[in-house]
Each structure stands twice: as structure tokens, then as C-alpha cells.
Amino acid sequence: MKTRISSLLGVGELNSTVQYDSNVDFGTSLSMATSNVLSVPVLVFLLGVISVRLKADLRLPDPVYQATAIYLLFAIGLKGGVALRASEPADVLLPIVVAIALGIVIPILVFVVLKWMTRLDGIDRGAMAAHYGSTSLVTFTAALVFLDSLDVNYEGFMPTLLTVLEIPGIIVGLLLAKKYASTRSQVEGANSRDSNSRDSISRDWIREVILGKSVLILFGGLAIGFLTGVQGYEQVEPFFGGLFTGVLALFLLEMGVLAGRRLSDIRTAGVGLIVFAVVFPVFAGTLGIISGYLAGLSMGGAMILGVLCASASYIAAPAAVRLALPTANPSITLTSSLGITFPFNLIVGIPIYYLVAQALENWFL
Amino acid sequence: MHEIDLLTIVTESILKERLINDLKIAGVTGWTMTAAQGEGPRNRRVSEVEGGNIRVEILADPHTVERVWTMLKDSYFSNYAVTAWQSKVQVSRADRYLGNESHG
Amino acid sequence: MKTRISSLLGVGELNSTVQYDSNVDFGTSLSMATSNVLSVPVLVFLLGVISVRLKADLRLPDPVYQATAIYLLFAIGLKGGVALRASEPADVLLPIVVAIALGIVIPILVFVVLKWMTRLDGIDRGAMAAHYGSTSLVTFTAALVFLDSLDVNYEGFMPTLLTVLEIPGIIVGLLLAKKYASTRSQVEGANSRDSNSRDSISRDWIREVILGKSVLILFGGLAIGFLTGVQGYEQVEPFFGGLFTGVLALFLLEMGVLAGRRLSDIRTAGVGLIVFAVVFPVFAGTLGIISGYLAGLSMGGAMILGVLCASASYIAAPAAVRLALPTANPSITLTSSLGITFPFNLIVGIPIYYLVAQALENWFL
Amino acid sequence: MKTRISSLLGVGELNSTVQYDSNVDFGTSLSMATSNVLSVPVLVFLLGVISVRLKADLRLPDPVYQATAIYLLFAIGLKGGVALRASEPADVLLPIVVAIALGIVIPILVFVVLKWMTRLDGIDRGAMAAHYGSTSLVTFTAALVFLDSLDVNYEGFMPTLLTVLEIPGIIVGLLLAKKYASTRSQVEGANSRDSNSRDSISRDWIREVILGKSVLILFGGLAIGFLTGVQGYEQVEPFFGGLFTGVLALFLLEMGVLAGRRLSDIRTAGVGLIVFAVVFPVFAGTLGIISGYLAGLSMGGAMILGVLCASASYIAAPAAVRLALPTANPSITLTSSLGITFPFNLIVGIPIYYLVAQALENWFL
Amino acid sequence: MHEIDLLTIVTESILKERLINDLKIAGVTGWTMTAAQGEGPRNRRVSEVEGGNIRVEILADPHTVERVWTMLKDSYFSNYAVTAWQSKVQVSRADRYLGNESHG
Amino acid sequence: MHEIDLLTIVTESILKERLINDLKIAGVTGWTMTAAQGEGPRNRRVSEVEGGNIRVEILADPHTVERVWTMLKDSYFSNYAVTAWQSKVQVSRADRYLGNESHG
């Protein structure tokens, strides 16, 4: 069963039967891209970036920013849970298995690809793998808003895949770094910079990753949505549904400031890293789209899975990596994920993944 | 009035739970924390995404403070953004702040 | 005149004429209970409790929590004021008088009952009386949401009764403790632990109770709603009406964390206190329902009055008690009111009071 | 083209063709005034003032207050931008030119008038000129809510005029003070209290004025609204449109507290200042209304331009003045703008400007 | 530069208004407050529901600080969660912080 | 452990950017800031509308602290609400906090 999350977001039209012609020509595609850039959330992101250039950082007060993050995570989870309940188990199972597989494969690819694209050591490559193996909630929701604005359908259980993809990538990335560290310290002795990390890596990180607050809220929302169903959701729809895009816009103001601050670090990042931060998402996104089609998803659903694969975490992963891999350099991972990949995906990536999904549609559907 | 040590630690807010835990292991019986921002010579941090710094004050006897310094040197200084300083202050009811000497 | 607050909450249907059959069978009752537990606010509360067990307390940032409390208090007051204006004075007067009487009787009952159920001294019993004599806004609103979901009507002026019941119980509880303290210090001399409390009891507490911020916002909302009427309310309805249940859900996340932290204290509370915290609400709730019927309230209204009597304050009362009775032990009162009675009411109490109100309906209406 | 911003705020009726009879009699006018005072935002403002009298200041937590200000500024800008795009450039140009002229003339008038009404020196008069030359967002939006409740049309691009009027007045006021300071210090030598201000006046103030956060958010919202248009706005309308009046009400609680705290300073302000703070707004408001008619605005639009001229800034101006004119006494400017003019405008000024606009209508339209 | 006493008080935020009032009665002419969290040996509090702790700093002459300590001992220590400490600091413009000696 | 100066400045939050800038000009290499409220003998402020006070702590060598005091006296004391105090504290890794002596 395919439902549109926008029908939950919107007021009426629960049984929306909007038809769209997926074989649109290039002119239409371009206008879609423009309409993505000219959406309020994307423009607000740019306003945040510009405000950093003007030295008047338009940050939200910290507690409000945190509450906004809680709201977004919970609202996405909730809607995903409601839609999951309305879905056939048979329709959901394969996509979940595929998502887990992607959550394992992608960080390994990152770890390997970065070895010949950059000079980063194994610790930093493991940290990168954890970031790119996980996902970005905001990129995901911006893609939903994009599809909704085009009236394109997608499976309602996509937030389930977001939740599923959130964790494995982080764990695999940390394991890769750990393995590298223990190998090297055997070779070089305990005086290397990794001796500390090896020590602390066994402490909080599993707890921090699996029971991190963002995962808990997302997962809690999913479970609550599943238990309460459409009827329960209706009571809170004006808050968690109607306001969603507006709150997302406010959140992107802050994201713009954070990304804007990273922009000046890009010069120091090295060409390899910059190329990686732009090219790898397109590659992983295409991988995700193909996997999505193979798992039986609709065009909209396959595109969203692509976005999940293409996006890099900048909330859950940084926290986990900072605790588990203290010697990894956060400015490398954050410059890449928050300073380059995130704006790239938000502004040009989303329309690209849409075009890719359209192009590949005839091969699969 | 009794003389006692006041240790102030400023570090990344992401370390909050871990630091409190380590302080207790070192024998600290109480702490006071405020939210803070800051800049320093290192500035290599993820906390910006996670909500800035924390500033923790600990009243304790010199032995406990000594253990906290050792703990900071061993597990925090090399990897995390940390600034700490210490001074003598006067308190009444000093027994409230005396560490569990079984750690000595 | 009986209006449904949900008609103010909702968009249209101001003259809702929904019919319900109050003689539902047990199966239906059970399904109502289930639907209460499976509502978003209650599930979010449980998520908060669980997060404490997992050591990842999902608290809202403090300023957001406080703003949420202001919003809920004001919105409830506002809607109550609007409905009060639409009511006949004759319909409102008797319920108000009855509510004041309950606000005096219930804390006295608490004070006496605790004497033979527990070993608490008069100071702590006075503190408990102040908590159980006052009311819980969140329990009240959860009951409204419950009735709305069943399409059961109730008098629109119920928030007026909430406001009326907020204060007297606290004052009576504090007076009981004060009388106990002065009696005992006459007997034992001034060296008892109450000498301080006797001193400070005469300082801020009357001000703190009557002019406490929560009371002021609630009362201010009531007055503003009354003055502005339906026409003025319509302009702010999307904010104070439409979002209400969703904001309540967010608030309950925090309440769940606070209650969850108290759970571990329950073991130390003593059997008497635990039994009291569960049994007394049912008793006081039934008393409130009967009084409600005698005051001429509808079935829904009587049930809500029951909920008001059954619920214990954990915002206004703790603050007032802390200032006026510094020697009272807050962990006793909060463990009981927030750790036991609040979850009990929220999860099983509300359906119970509904069943009691139904059972008694034929005797009175 | 004349659109009503309320049609953007509301759900449907984009082509509202509401007719009103502008030659209403005095009784109707009075009832309009009453309905202004009895609106939720104005009553909440009074609740804030009263709470200060009762020593229980109902302030919002600081981060929430700041976020609310960001929300209001951005929402106003956004709606203005959407409406601007829907307007004919020819219709907008003249009003913008007129607004800039008013932004230069009014502070000069303030500087001169205060010279013979009070004993303030040139520094404090320049500070006052900066405050009264700029505008008050909240007074402006309260006037929009007032017109919406009367179903009176106004040009949708009014927020553009707000943005335009925000800055010039501050700059002119600061320049007047600066000129005074340099003249006097030439006469008296460098030991006057202005030596510091002369020094610092050349530092941050231009940046602070032009790139102040509030101006940036307002202007950013305007640009985003213009770029995204009605279609993009629809996605965020429930958040930035539907909630607007409710959030404004919450904001006014805090404004009431801040104004209430200034009330006690009024006695020390001197008669001249008090008279100025009440009479000058009426004068400047009338000037604005006449200018509005001359610029071709509708009755509603002329009235709003009057409100912009009549209102005094208490967010952007105080910050800029504090940095640029540190020797100016903030308690004079804030007592006047926040303690007197703001409540005056909010409660009686808005209906007055409406009556004036009606009275003058036949001469111009 | 002049030497003056700096007294820091950490207590339940619910006492905010009362404490400020009592400080003024004791002759304090100024204070600086930040929001704080904390744990201590007692931990018997309602503040968790009310928003944590407050941390108040007071610059004052020794006599005023003495009066504040007495006030704390008489009305706060036995019933509320309070931690306080004191040290000597250097200020310029010391007259700004000198208490009203009529209290002595 | 090394002795170093700790300077604490409480002032109007509106001055945040300007103060940080002036501190850097004076040779300060790091700072820690918390949000604060307060009352003082002057109380002539606009900050109430702008979000209260800031409380800034600076670890630095005596020369740098000297320069900061001069800067405060020249540009802040007469016009703005400012309170500042100074004391000696113990740090490890003292070199982290030593000012750029080219300013001396």
C-alpha cells in the first residue's frame, strides 16, 4: 500500500489519487530544481549562511534549537509509525532488509574510497564512515517536502527506513576505526595517539550510539505512531503535521549558520575531501535508488532511499564519534558533512536524485 | 570557616555524563554546573552542534582534587577541549564537601 | 448551557449535537480504557518514563518546558473564560460553591487519613494535604482529551472549576501543618525542627500561593477569555486551540522523565503511602463525581470534577509548600503525587472515573 | 493591486471582496475602540503589566522570548515579501519613497520638538530621535490584527514599508547626536562627557544598525517571501500564518512586563517627556496618514503608515543607541518609548489613527 | 586595586526572590546570578520541578559577608539545599560594592 | 601547577561582540562566558530588553590582565554597567593561557 505522508500532513484528501506523468522533459526538470531552491526551507538555510558572512549569525537560542530538533525527530517518527501500521508487513520487510544492508555497505565504501582519495588515517576515515553511513534527518524531510510539492507519491513507511539506517552506519564506522587502531598499536606499540582512543572506545559508545537521545526520540515516535494509529494521530495533527514545514524552516536557519561557519574551513580541507563530499553522495544516492527499486519501492520511495544513502549525519554521528574516537578530528568530519555535503544535497542533490530516480524508473517499474 | 579547594572545569558539553561519572569515581561528593560558551587556543570541537561548553565547580579536599587533576590529565586533556583552574576558598560545614578518603 | 470545549478546539461545528449512548457495555468500556492508554499524550508520557530507565532522560530544555507550562495554563484558562461567558450564571454558581467546598474538605480528609495509614508527622501530612487538595492541570486536560475522543459533552466552564480548586486546598493544607507545628512547639518547646518553619510560614506563603505565577496565568487566561469572548478567541484559536493536544504531548515527555526519576524512590516510600497514593484518588474522585451530579453537572462534567478531586498538584503546591513548610520532606510529597498518583490517574484513573460516572449516572440524571 | 494580508493568514478567500462602509458613525467607532482593547493580544499585554504590579512578573523564559521575536519578524517579512511580489511595482514605488522621506523627517522633528518641550541635551534628544524615527513591529502587527478584525483592506506590501522605515530613523537620530557632540566638544574641549561617545560612535554603529539581527531577519523574510511567492508560502502557512496572532499574544505578555517595569519610572520622567510621548505619536501618526493618502494608499494602508510613524522602536533602536551613544541615558528613551508610547499606541492610539484615517478619507480618496 | 570579599551561593531556584530580598536586608548592594544544576550530599529538593539551582555571586565588604553567612545559617542551611563559599578578590572602584554599614 | 590570573567581568549582554573583540586586542587567548542576571548600584541599562548580563572569565598572565583593566577603565566603566574582579588561581598547562607578549 502506498500512502502519501503529505496526506497526513495536509488537512483533507486522505485518499489522494493525484496522477503525475513521470516522463517529464528536461525543461520541467529544471523548473523542479528551481522550485526546490526557491522553497522556504532552502532559502532560510541560505539566509543563515549569508548571516554568517555578514557576521550577524542568526542562531536560534540554544534551548529552542534543541526543542526544535526534538520536535522534528518525534514528528517524523510519529508519522512514520502511523504509516507503518497502515502498511502491509510484506511490503515493508524487504525495504528494511535492504536498508540495513546499505547501512553496512556504505560506511565500508567510505572507508575504502577515502583511503585512495585522501591522506586521512584510519581513525579519521572511520569517523567519516560513521557520518556518511548514518543519515541526515533534515535532508530527508526536505526531500519529502520536495516530493509533496510535486505531488509525487512515496511509501508512508519511509521514516522507518530512516530509523533503521540511523544506527548501523555509525557502528560499522566505529568498528572500522577501532580495528585500524588496534592493528596499528600492535605494530607501533602503545605510544601512538590511539592508545587513548582504544581505551575509551570500549566505554560509552555502544550505549551512546544505540541509546542516543535522537535515536530514542525517533524510535519512540515510530512506536507511538504505530500504537496510536491514524485516529490518535488526528488529535495531534495540527501540531506535529501542520506546523512541520514551518518548524523545519526555522531549524534550517540554525543549520545555515552552522554550515556557514564551516565554509571558511573548506579551503583547508584538501581537494580530495571536497571532491569526496560532493561525488560520494551522488554515487551512494544512485546506489540507494537502485536498491530501492530492487526492494520494490515506488519511484518516490526509491528516491527517498537514495537521499538517505546520500546524506551524512551531523547530529547523532558527531556525538557518538566524539565520545568513541576522541582522537578523530571533528573539523574534518563536520566540514565535510555539514559544510559541503549537507548544502550540496539540500540545494542541488535532491533534484538530482529525483532526476536519477526518474531516469531509472523505466528499467525497474 | 574552613579552607577547602574549589576546582573549576570548563569542557565540551557532550562530555557531561562522562565527566560527572569520572568525578564521582574520583571521590567528589557534589558539583555545580552552568552552561557556557567559550574560545580557547585549541578550538577543535564538535560541541557547537551539541550545545557549547559546560562549566563545573567542585568543592573538595586537596586529595580528591589531586585525583581529579590526574583523571583530567589521563583521559581529557589530550583529546578534548578542557580548561581547569583551582583556588582556595572558605566554607562553613566543610564536612559536606570532604571526599570519600577510601580513594586516597 | 452545555458546550463542548472540543468545539472551541476544533474548527467548525460550534453547535455540535453529537449523541452518545451512555449505557455502554463492559466491552466498550474496556476499549475506551485501551484507547486512553494508546493516545499520543499517554504514550509520550511512557516514553519519558522509559527514557529514564535507559539513562537517556528525554527532558525538554528547561526554558522550553517552562514556556510550555505557561502555554498550557493560559490556553486552558482562555478557553474556560470563553465558555464561562457563554454559560448561564445560574448554571455556574452551584458548581463553583461545590468546588470550593471540596477544596476545603479533601485536604482535611488527606490529613486525617494519612494519620492512620502512615507514620508521617503533621508537617508532612499538611504538605500532602496541600498537594492532594490542589489539582493537576495535565491530568485535567488529559481527561478533556479523553472525553473529546469519545465525543462526550461536558460543561465548557470546567476550567473555571480547575482555577477555583487550585488554591483553597493548598491553603488548608498549609494551615493544618501550621496548626500542628504551633501545637507541638508549645508542648515541646522551641527546639523542635518546626521552629524555623513556624517563623517562615508567616512570610511569603500567602503571596506565593495566591499570586503564584501558575495561578496568575491560569486566572489571567480565564479573565481574558471571559472579556474577549468567542470572537476574540477565534483570532488565536489556531495557536491556543489547534496545537493544544500536541503541546500537551510534548509536555508529558518531560513529566514522564520527572515521574520516572521518582519511581526508584517508591520502594523507600512505605506501603502505607503507596496504597494511599492509589486508593485515595479513587475515593476522592468518586466524591467529586457524586458532588458534581448533586451540583447539576452533566455526566462529562461530573467526571471532570472527579478527576480534579482525584488529581494531585505537582507544580503550584510543591513551590508553595517548599517556601511555607521548609521542614517538610519534598521527596515524600513528590514521590506520591508525581511518581504514583499522576501516572495512575493518567493511565488507569481516567477510564475508571469515566466508568464510575457512567455507573452513577442513572441515580442522578 | 490591493490584497489583504489576512487572506494570506486565513485559509481560503484569497480574493476577498468584503465591503465596508467607511462613513461609520461615532457609536460604531467607539465599539471598534472597545473591540481593540478587548482583543486577546491587548488583554495579554495588560496581564503582563498587572503581573508586575503584583510582583509576580510573568516573563517568558529568555530564549523563548528571543525565538518569539525571531518568529514574528520573519513571519511579517515573509508575508510582506509574498504580497510585494503580487503587487504592481508602480503601486509600491511611491509609498517606499514617501516612507524613506518620513524616516528622515520624523527624527529631525523629534530632535527639534524635544528641545523646547524638555531639558534633554543633544545626546539624549538624538537617542530619542532614533527611537521615534524607527518603528515598533508589535504596534504594527497589532494594527494589522485590528484591521483584519474589522475586515478592512490594506495593501499587502505594508511590511515592506515597515522594513524601509526601520533603519533611516535610527541613522538620522545618531547623526544628529553625533553632530551635537562634536559641536559641543569643539566649544568646551575634550573633557565633556561626549568625548567617549565621539570616539565610539565611529566604531560599530553603522554595522550594528544596518546589520542588526532584527533588520536582517525582517529583510531576509521579505526577500524569501518575494522569491518563493504564494506557492512556497502555502507550505509554511500553518506555522507562519495561522499561529501568528497567538504568538503575538504570548510576546505581548513579556512586553507587558517590560512596560510595567518602566511605569514606575514615569514619575521621574518630567512632564515634558510624558506629554511628548503621548502627543508626538498622534502628530506623527496624522502626518503618516496624510502622506499615505498622498502616496496613493488605501484608507487601511494610510492608517498603517500612520501607525508606523507613530510607533517608537524598543528593539533595534535601543541596541544601536546603546552601542553608538553610550552616554545617552537608556532609562529616558525606554521609559518614553516602551513605558508610555507603546501602551498608548496599543490601547488607544490604534483606534485613534483609524478614526483619523476615516475622517481624512474623503479629502483624499 | 582593592581587596574585597567574593561570596558565592548555590541554592534552589525556588528561593530566588526570597534570597535576593534577604541579601538586601543584610546590606548587599549588588549581585550576579546564573542558572545552574547540581548534585550534593543532601539532594532533598523540589527544584527539579521548578528549574534547578541558582548560583549567586556577591562582592561585599567582610562585615556584610559576615551578616550574609549568619542569615544563611539561621534561615537556609537547615532546610534548603545550599552551598556557599567565599574568597578574597581584587576590584577597582571598591566603593561600588561596599555595604550600607548601618547594618553592622 | 602554575599560578595565573583569573579575571571575571560581568557586563551588559549587548556588549558581547565588542568585549570579545577588545579582549583579543588586549592579548587574551581564551575566554569562557555564561549568561547572567544582576543588580548593582548603577542599574542604568538597556539589557533587560536585550537579554540580561554576560559573565566572562579570562585566564591570563598579569600583563594581559593589566591591559584588560586599562581597556575597561578607558572604554567601559564610565558608560556601561560593568563589574570586574580578579584573583590568583592554579592551572596546569599554563602556557595555554599566556598572552601574546608583543602587546606589553
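For clarity, chains are labelled A, B, C, D, E and F in written order, and residue numbers in each chain start from 1.
Convention: a residue touches a chain if its C-beta (ideal position, glycine included) is under 8 Å from a C-beta of that chain, and two chains touch if they have at least 3 such contacts.
What you are looking at is a predicted structure, and each value in this text was computed from that prediction instead of being measured.
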Neighbouring chains shared between chain B and chain D, ordered by label: A, F
Longest centre-to-centre distance from chain B, chain (CA-based): D
E-F against A-D, pair bridged by the larger set of C-beta contacts: A-D
Averaged-CA centre spacing for the pair chain F and chain A, given as whole angstrom: 41
Chain centre separation (chain A, chain E; CA means) in Å: 48
Euclidean distance of C-alpha centroids - chain C vs chain E, Å: 35
Of all residues in chain C, the ones touching two or more other chains: 61-64, 66, 238, 242-243
Contacts with two or more other chains, residues of chain F listed in rising order: 34-35, 87
Each pair of chains that touches, named by its two labels: A-B, A-C, A-D, B-E, B-F, C-D, C-E, D-F, E-F
Contacting residues of chain B [partner chain E, same complex]: 1, 4, 6, 20, 29-35, 59, 87-93, 96-97
Chain A residues within the chain B interface of the complex: 62, 66, 193, 196-197, 199-200, 203-204, 258, 261, 314-315, 318-319, 321-323, 326-327, 329-331, 334, 338
Residue ranges of chain A touching chain C (in the complex, touch as defined): 61-64, 66-67, 70-71, 74, 78, 207, 211-213, 216-217, 220, 223-224, 227-229, 231-233, 235-240, 242-243
Footprint of chain A on chain B - complex, ascending: 12, 14-15, 17-18, 35, 44-46, 48-52, 75, 78-80
Sites on chain B touched by chain F in the complex: 8, 10, 34-42, 53, 55, 69, 73, 77, 83-87
